[in-house]
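Okay, so chain A shows up in both of these, paired with chain B first and chain C after.
Here is the complex of A and B:
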């Protein structure tokens, strides 16, 4: 009911984004299951241009680029959702503690940690983590989470400090509401809606970061299908077989665009009145 | 005078800033009788809002004491008892930050009833509906999103929420200064009605002399953190003794005679 009324006055850009994302999710869920082509083992003639049999053509090992691109999208999206979800929860809780904590020693220490992590360029720090953990799925996940949570903490810290000072929170305290009621019903709901909007816009950055790490060879390793790795592999054949890089790149761009449209729309719909 | 319900004795409040301590309230004595409306007037920065916050316990005193209903006021950062909540409540200046944007009016007031009166969910909502109705919020508005309410409506919801605790004292910190004049006038009538019907004491903070004259039985004039004059409202306005009060009264057109909306000045 609440969502229905929200959807009705949702803007057109949000709906376009949602539709586009639904198509991409559907394709990445179904393509690897329904298609007879294996995303890892090549069974077709290599380097074939797009045709009715192979919509996105085949790569240098005879693998169907369409199936591979959507298997890769599925992996990238799942990694991004897990990474953003964990960062969001950890970061927001830590940030809320810092925002409420005032000048205690704990929040002073947390502030130092958060500001140190945020001071580094994100991709450099992520590369460092991958160098330690190793180029693999757990490596990419830990790199994104370890560098990401601090950004949510910063957002939640600032927001919590503002909300904790708002008069409706003072009113709640004056009415004798318990500490946990004030936190859970009055402070937190006004913090997490903004954190969630921030997480949606971060999802775009994180998907691109996962692809970038793999593109740089510091992420998911071949032959596992991954968009950044695919773009990287096709790069040397760009003049002879453009489809090997261009289609995965287009899918990546469209996925990022759809999420960005949703994030912008969500922010417009829930903006603090 | 009967036993006062608020006694403020030699109150000092100081704010720590990077450039050193700034005194906001510098030695203030104030008494309020049960059921009395006391106005505190003064220019911006005179310390009147800080005094209001000290009375309810939102800011800590540097020295001196605030006694409310026979007990020292407790800082709100500790756990407040039901008795504390039923003693003093506050109406804030900014209607746009005094309501939780994630709560509808009915939910905000019902929550206050639930916590303060220990009623179950259904009874709390029924009581909240009554309270909201008594401050002039329609049934439809009770269920509207807070963000679609006007400033005047929000202040009415804040008043209903404060009344849910059935307080003996209401501290109103410039509740009308963000509203336009006709809305402000009807809100003042509401406060006056509540004060006389329920017999609660009201501490009304304002820089608007006309408003204070309309509402307050007695008035304190504040300047740079101290009271320069106090007395029965009519006396202070008709025959100000302090030079600062004379400046205030003479600088407001009509403040010495009538009030917006044609109401006669309070003279009971």
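Here is the complex of A and C:
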């Protein structure tokens, strides 16, 4: 009975999250195409409060905040998916090798690298990488991938170590299957499902991290529309024109919330189903 | 195995405190290695980034020497470690001030913020976790769950900005920017930023504390205490809170890194002259020695706080990690 009520809860969370995300994705795909306002060049009167013509108002350069916010969401989401995708693949592979490697020298060394990267505050190390690569789209991507893969490696390492010793894996070994077949057909699918659930929850953190870096001026730079950068630009005008910062912030929070609901729902569904 | 006199290994094994501290020292070196590696192995060349493409070869060589990027990588590494151990973290390129001094001048606001946040977070999480554990299926728990997902999805810097707008600008109950290092005065600058970080920290801590209280409630000594009629305050503190709090403090120690990361963002929002603000400035002005030095300090801070929290746990709950 208990798991049934939880399952319903998880379904509900997943559904609400998916609906919200679908709305945001739809808006960020359509707004820049359908709207006549340009997200980068300002053509309207500046600093106008939200109205029917400009749902989120206009900023100090006369740009429509609605179009800019959703163009920014599109960029942020694409960056986050790429960053999470690459770190997921690299981290899971390295973690699987570490988990299977046992006490070999290679996995000992990888362990050290992974643990020491994870010891740092994520955002601090990412800032360090941006210092070298430069505040730009490639800078943000490399910062997040270089510091992010280690967390997937940790998850995959722990999971692989458990799976590699499971009865069905030992059975496969006894049947005489080769190392790579055991690894690919028996171990990896079980590791991957957990890593995927982790990646979903990681997507929230990464979107917020991209916006955070840009907010600090160490990410995507203006005039490119990016949510964190927009919030930062509107900061000095907060008392006179709150909408320039607050609407992009709200869109960012909603995007993060929708993905978090999906991630939580997915995790609960796979755990209790 | 023949009998031998108590030696180094026995001290090692018996005194877990010694073990914890020794591991902290070892991990500090690894952390230093990461701080060293970022400038060397991240894609891109710091020297060209500072000087531009048109730099003369002699200028490049001079800058390389100034950044400690000349010579063989092992030589660089040993030199970096040697200087760092003696407290020499290089000199800022933009201001010419020793990096160690920059850090010394800006570390107080950051440490105060982190300490204040940790204390506030515990003050909020313990009663909250208790309440959640004692009534797991009520309305209170439902409200908590919704509020927790909302605050976790909220970008911290945006929450900070909203708090600044409401509390400091609209209502004027908190200062808009700055910091003072005198004791009671500092609290006026700290309480709002600390509360903002708590908004994201408390839900996590309360959830963990709730889980460990639930586990403690199953213990036999709880039943024994109830039967014996132990007084209420004594029951809550000695029988319920103290045996349950170790995982929460462990988590607090473990997420110190995240806490320090959050403080970087919040310092920027509240314009506090802390080490995070200095780091961001160093990153945007490409002041590499300062970036490297601050990375090192952040890493060592994380290790230090994790080590301290392990020692605290050992005192609070002797069961934690006896002979592992």
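We adopt the following convention: the second predicted complex is superposed on the first by the 261 of 273 C-alpha atoms of A that agree within 3 Å, B and C clash if a C-alpha of one lies under 4 Å from a C-alpha of the other, contacts with A are read in each partner's own complex, and residues count from 1 in each chain.
Here is the rule we use: a contact is a pair of C-beta atoms (placed from the backbone, for glycine too) under 8 Å apart; a residue touches a chain by one contact, two chains touch by 3 or more.
This structure is a prediction, so every number in the text was calculated from the model and none was measured.
Once the two complexes are laid over each other on the shared chain, residue contacts for A:181 go to chain B alone; chain C is not touched. Which of chain B and chain C touches more residues of chain A: that partner is C. According to the touch criterion, chain A has no shared surface contacted by chain B in one complex and chain C in the other. Partner chain A is touched in their complex by these residues of chain B: 56-58, 76-77, 79-82, 84-85, 88-90, 92-94, 96-102, 111-112, 115-116, 145-148, 158, 161-162, 164-165.
For chain A in complex with chain C, the touching residues are 112, 115-117, 119-125, 127-135, 142, 146, 204, 208, 211-212, 215-218, 228, 231, 235, 238-239, 242, 245-246, 249, 252-253, 256-257, 259-261, 264.
If you check the complex, the residues on chain A that touch chain B are 166-168, 170-179, 181, 185-186, 189-190, 193, 272-273. Interface residues of chain C facing chain A in the complex, by the touch rule stated above, are 27, 30-31, 33-35, 38-39, 42-44, 46, 49, 149-150, 152-158, 161-162, 164-165, 169, 257-261, 264-265, 268, 279-280, 282-284, 286, 288, 291-292, 294-295, 298-299, 302-303.
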